[in-house]
Structures are given as C-alpha cells and as structure tokens.
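Paired with chain B in one complex and with chain C in the other, chain A is shared by the two complexes that follow.
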Partner chain A sequence: MALIRSTGIASLAVSQSDDLQALATRLQQGTPGERREAARALAILPQTSALLACQLEEEAERSVLEALVTGLAERADETAVLALLDCLRSEDAALRNDAIEALKVAGRHHPVLIQEALADSDSDMRILAIGILESLKHPDVELWLIDLIEHDPHLNVCACAVDLLCEVGTERAFHALELCRVRFPDEAYLGFAISLALTRLQGADGL
Partner chain B sequence: MKRILIVDDAATVRLFNRQILEAAGYRVDEAVNGIEALEKALQAPYDLYLVDVNMPMQDGFSFLRQLRAQAIAQAPAVMITTEAGEQDRRQAWAAGANYYLTKPIKPDVLLHLVRLLTGGAA
Partner chain C sequence: MNTQTVISKEDFAKFREFFYRKTGIQFDDNKRYFVDKRLLERIEATGSETFRNYFVNLRFQASGDELQQLVNAMTVNETYFFREEYQLKCLVTHMLDDLVRRKTDHSPIRIWSMPSSSGEEPYSIALYLLEYWKGIADWDVELIASDIDTSILRRARQGVYSPRSVHNLPPKLLEKYFARCSNGDYQLCDDLRQSVEFTRVNLMNPADLRGYRDFDVIFCRNLLIYFDDLSRRQAADTFFDALKPGGMICLGHSESMSRISSLFNVRKFPDAIVYQKPLEAR
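Let's look at the complex of A and B:
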C-alpha cells in the first residue's frame, strides 16, 4: 500500500508540474482567451503569484488584466499584494480601480504593505491607498489617517484622509482635524470637509 | 433651470459641489459611480456632467465613453481628479470630456466653468 500511495503522489506531483509549465506558457504566449483561462487556472494553484504578477506587467488585453487582478486577489500573499499596489501607479484608470477593489480584500492580510503605501513618495499613490483603508477593517486605520492629516504636506492627501475620517473617525481625530485646518487655512474644500467631519464626529459621540 | 449631474464616490465632495451649485440656482442630482450615472443620464439627460475619474464599479473615463455613445447625451462634461498626469488628461479628452479640473475645487472656478459650459446663468 505504501508503495502504491508513494507512486500516486509522485505521479500527481509530476502532473501538477507539467500542468504548471503548460499554464505558464499559455499565460505568456496564448491567445487572449487562453491567457485569461490560464490566469484563472493558475490563481487556484499555490505559489503562482510571481507568474501572475510578471504577466500583469506585460499584459495589454483588458479581459486578461481583469483575470490577473482577480487571480492576485485570490492568492493574496505578499507578492500578490505588492503587484496589486504597483497597479495603483498605472496610467490605466480601469486597472487602478480594479486593483483598489482587489486590495480592499487582499490587503487585509498585509496591513503593513498598505501602511507603507500611505507613506509612498508619490502623492497619487497615497491618495489611492486611502481608498483601500475603509474596507481594511484594521484597528489602526484611524491613527494612520490622523498621522496623514497631521503631517502629510499634500493638500489632496489630507482632503481624502479627512473625507474618510468623516466616516470612520472618533473623538481622537478632533485635535488633528483642527490642526489640519490651520495648516491649510485658505482651502475652501478642506475647510468644508473638516467642519463636516467635526460636526459628524461630535454627533456620533453624542449618541 | 439647468440640471447638473455630479458623479463622485466621495459623499463630502458631492455635498460640497452640490451646495455651491444649488446656491447659484442650478438643479443638482448625484451618482456614486458611472453605472448609476449612466442610468440617470439615459432617463433624463443633463445640461452638464461633473465626473470624478477614480470611482468603484466604473471609472469616470468608462462612464463618459458610454455616455458619448448615446445620441441623447452630448452635454458638456468636466472630468475632476486628484491626479494631474498628462496621460489622464489625454484619456479625458479621448473619452469626450470638455474640460479637466484638478482637485481641490475652488468654488469660484467651479461656478465660472459651469456658467461657461452651460451658456450662462442657471
């Protein structure tokens, strides 16, 4: 019995390896339909994130890109999340949006990577990373947002952080919101958003 | 009274723009993504669309491309975004935008632009 079982496992390993190689080849060289199917098949196999991430850099076909992003979201390991975060730098708005939706779930397993994105040198990256936070369900999200509105030099980053604090903030954010108003005294939208956030947070605390 | 559709997933942004435009006499509707916006536009076309680029479900460029494919929806559209990248601007023009506005929105600039694109007062 032991021999039979061993042979069976060896056969299975060879079969999976062959399948993996065939799928990788199809992902890189197939028609768009084949690449899409290969991406979906690879996404359910372990340790395929690097393959999917590499193809994401080369791929131009919309439907294959969607399958790759979905596959990386299913893998949700560090390689996958880093590849999805890289999509936020893309000039393709649809890819950026798909990546944000994927990161709202996949990012939950890697909060440190999301926190690093909030400190990225590119303000657009920081703004898009804020869009992931509400779904992250991490206990420190409010503190990350407070840190942004206290220290981030970019007006739009602070405005996005204030918008989210309006939804998820508590009385801990009061002081930082007032400080942010002082840092950007002549910005109509930010002043409006801060006033709205303070009113809502005071209302929430009063409940 | 001229009708404007604000398409943005950020509730605070929608409220800010709505208050400015309603105070100036415009009638304002809101949509939280491109799919909802297209449904509203096809029911009763607007005089102007203010469209955020980054939204869940359907981004602003995709919405505008679909809107422009409809014969009844050729009113001016302003794309609004936090990014100021040249590629985004090109995509906005290609999708059929009439103007590209970068956040933060200044109330006087918004009103001036709206009046310009809708042919005068509300």
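Let's look at the complex of A and C:
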C-alpha cells in the first residue's frame, strides 16, 4: 500500500439543479446533507430569507440548523435579522449562541432592530442583545449602553452594559456609571465593574 | 507619527480584549513589546497620530481592511516543513489508528490539506506517513492539497524549496527525498510530488466544494484566523460536509473550532487537540 494520487474530486462532484424551486424542495425534503447544501446554495440567492427562516422553524437536525443560521447571516436582510432575533427566545442554548454570533455580523445592517431588542420586555433578550452590540460597529452603541445603565431596572442587564462600556465607553459614560452605582448600592460586583470601567476609561483617554 | 506615541497599559488591555474576540489570539503580558511594536507601526502607516484614533478606525471601519492588515502584522506567515510537528505526530500515533479501527471497507484514507500554500504542509504529511506510520504498509492514502492562489499551487507542484523551508527536516530525510539545486535550493523527489493532488479551491464558493467529500482528516491550520466571523462559520459548515462521520480536523495552535461551531466534538490526544465530526452525524 502507498500514497496514491487522488482522482476522486471530479468524480464526486454532483450536478444537481440549482434553480430556486429545486433548492426549496431539497431544503424541505432532502437528507440532512442535502438540506445543508440547499441552505448554503439558497443563501447566495436574493430573496430567499423567508424560505430559510421558515425551515428554521421546522428543522430539528443540529447541523442543518447551523447552516440555516449561517445562511440567514449571509442574507442579512430585515427578514433574516428578525428570524435570527427570534432564535434568541429559543430554549435551545446552542441555537441561541449560533444566532448571537450570526447577529454580530447580520445586525450591522439593521442596527434599529438590535436597538429595539435592547428595549425588549424580556431581560434575557436584552442581555443577549448587549452581547451583539460589541461587534455592531455602530456609532451610537455607547449611547444605547448609557441609556441602559441609566434606566434599565434589571441588575444583570446593567452589569452586562457596564462590562461592554469598559471597552467601548468614553468620558461620556462617566456620569451614567456613577448613577448606576447609586441605583444599585448593595451590589458589590456591579460596584467593582463600575470602578474598573471608570479606571479604564480615564486611563485610556476614552474612546 | 508623533514620536511620543505610546501604548498605555489600559490601551494594551483594551486592544488585547478586542483582538482576542476578533481572532481568538490571546497575547500575554510578556508579548507586550511584540504587540506594541506592531501597533505603533500600524498607527504610523495609517497616519492615525494616536492609539485612540487608530483604535476607533480599527473598530468601526466597515471594510475591515485595517483589521486584516493588523492580523497580518500580528501573525507569522512563514511556512516550512514539519511546522507544528506535534499534529503530524498525533496523526501517525493516534488519529489514523483511531480512524482505521472503524473502517469497515478497505477504501483509501483521504486527507485534505487546506490551504496548501507552496506545499510544505501536504508534503510534510506525506513524509510523515511514509517515515513514521506503520499503517502505510496496509492502507492506501490519498492526499489532496488545495489553495485559492493558482501561482502558489504552481510552486507547490514544482516542489523547490529554500534552505529556510527545509531547516526543520531531519538531515536523513532531506538527503532521502530532496536533491540539492545549483543555487542552494532543494528539489523534492518526483515520487513524493506525484503523490499529492493539488487543486484550486475557494473555500467560500459552494460550487467549488461540492466534490470535496469523504475525507478522513482535514488539515486547515492558520487560515481561519484571517477570516471574519461569518466566513469562519461558512468554513466550518464546509468542513463538516467534507468529512466522513468520525473524521477529524486539525486547526492551527491559536484556532479553536469550539468558538466557531458546535457541530464538532473535541478529541484530546496526548500530542494535540483535534475536532471530530460525530460518528452519528448524517
């Protein structure tokens, strides 16, 4: 036996139809491998987010779910971002984490939708939305975080916002950070995080 | 650049967190000089005047070009034979034996090296199999090596290497598999060159990748650190489909599949950590 020159690449190539209807059928009825392949092929075609989002609600296979989430991140239109935000409410932790990573990319194109998620009635949703902000590259991220630590009633939401301000904040956040400390006077961890943020922002001349 | 530009301790902490999130690369405090030097070079090259200005551009630049420049500056791009040799050892001492134990047919073992660059990695795999894996007596192995760059593929097929490229090879292997050229370079022997199939592939193009299936092992080292988050996820999906159930992928020492995808299981071998497509995957 030995090292042998492969001839397998070309012969393994398949030539299935890539028209929209055929892909949609494979996405819904194919094997897991075919569904993954269809999801990836649809993701590079326009106006396919609704198809991908619809399958996301039906799909149970982990590997296909991941391909669908990646596909929606690639589409990154409003339908796609809304479908990804819906995933944050899922009981499936892996799907939630996948959606967060996807929204860090796709959310850049729809910052308003992410901002709305920061005002969601569910505090878990708000915390997950903060996790998306650090990659959002939006100039108002700091202002949104300041608004949260000034007004959000939930301790963990504020703590997450302070953690992120530590990196993206400027001197504009000083007052809000001090206010936040006053709003939660008995929370030692939050006090520590606020002190660290103030030190960082002062030391680094802010951003 | 202002000659007084300095990177403060807080700047370094901020940058380190940011860079880790973007690349998975973590700089310890003892890398401070290395990081500062390259940061200052990029601050000067971009005319940013201060770290603050530079960091704003780095974070908010829509194209991500400066982050790419910085990643290039912060990573060592050289490649050479037997680079990150611990994974090659792991391949011949554990991974392949693990794989062949489960093989029910006697089809060839398929290994994909991606990106191949100028060939040092796939040829290193070939050398390691021939020299250090007893199973090569019983199994056929197909080695496919791919890159997006056709000029680098031409160089790989030619198999001519500088003394620096081969500096890590044991002298007896250098003598056995290479011939010295008149200009001091080394020419890899024909048998070994013919044993690797080089192909052009764009990892981001699904159409390029349809034929890449049924691999037992994939080497994809020090590529994903150059990708953005979405591209990494797409690459992970591609590798998942390219591997057989139970197949394994080796990433670079600073890369982690766990940060990209939850589809793979972590396999800890004595020499290396690799990522395995679940046996039950469909």
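In this section, the second predicted complex is superposed on the first by the 187 of 207 C-alpha atoms of A that agree within 3 Å, B and C clash if a C-alpha of one lies under 4 Å from a C-alpha of the other, contacts with A are read in each partner's own complex, and residues count from 1 in each chain.
Here, a contact is a pair of C-beta atoms (placed from the backbone, for glycine too) under 8 Å apart; a residue touches a chain by one contact, two chains touch by 3 or more.
Just so it is clear, the model here is predicted, and its values are computed rather than measured.
Participant: Looking at A:Ala73 after the superposition, I want to know if it touches chain B, chain C, both of them or none. Which is it: first, second, both, neither?
Facilitator: second
Participant: Please indicate which partner A:Thr31 is in contact with in the superposed arrangement: first for chain B, second for chain C, both, or neither.
Facilitator: After superposition on chain A, A:Thr31 lies in contact with chain C alone.
Participant: If we overlay the two complexes on their shared chain A, which of chain B and chain C does A:Ile44 touch? Say first, second, both or neither.
Facilitator: So A:Ile44 only meets chain C here.
Participant: Check the contacts made with chain A and report whether chain B or chain C touches more of its residues.
Facilitator: Of the two chains, more chain A residues are contacted by C.
Participant: According to the stated criteria, A:Lys137 is in contact with first (chain B), second (chain C), both, or neither; which is it?
Facilitator: In the superposition, A:Lys137 contacts chain C only.
Participant: Should A:Glu91 be classified as contacting the first partner (chain B), the second (chain C), both, or neither?
Facilitator: first
Participant: Just checking: does A:Glu61 make contact with chain B only, chain C only, both, or neither of them? Give me first, second, both or neither.
Facilitator: Second partner only, chain C.
Participant: Between chain B (first) and chain C (second), which, if any, makes contact with A:Glu101: first, second, both or neither?
Facilitator: both
Participant: So which positions on chain A get touched by both chain B and chain C?
Facilitator: 94, 97, 101
Participant: If we count contacts the way the header does, which residues on chain A are in touch with chain B in the complex?
Facilitator: Residues 91, 93-94, 96-97, 100-101, 124, 127-128, 131, 155-156, 159-160, 162-163, 166, 187-190, 192-193, 196-197 of chain A touch chain B in their complex.
Participant: Can you list the residues on chain C that touch chain A in the complex?
Facilitator: Contacts found on chain C: 8-11, 13-14, 17-18, 21, 52, 55-56, 59-62, 108, 110, 126, 129-130, 136-144, 192, 194-197, 199, 206, 210-214, 228-230, 233-234, 236-237, 240-241, 261-263, 281-282.
Participant: For a test of understanding, state which residues of chain B touch chain A in their complex under the given definition.
Facilitator: Residues 10-13, 15-16, 53-56, 58-62, 82-83, 85, 87-88, 91, 103-107.
Participant: Using the touch rule from the top, collect the residues of chain A that touch chain C in their complex.
Facilitator: 1-14, 31-33, 36-37, 40-41, 44, 61-63, 66-67, 69-70, 73-74, 94, 97-98, 101-102, 104-105, 134-135, 137, 139, 167-168, 199-200, 203-207
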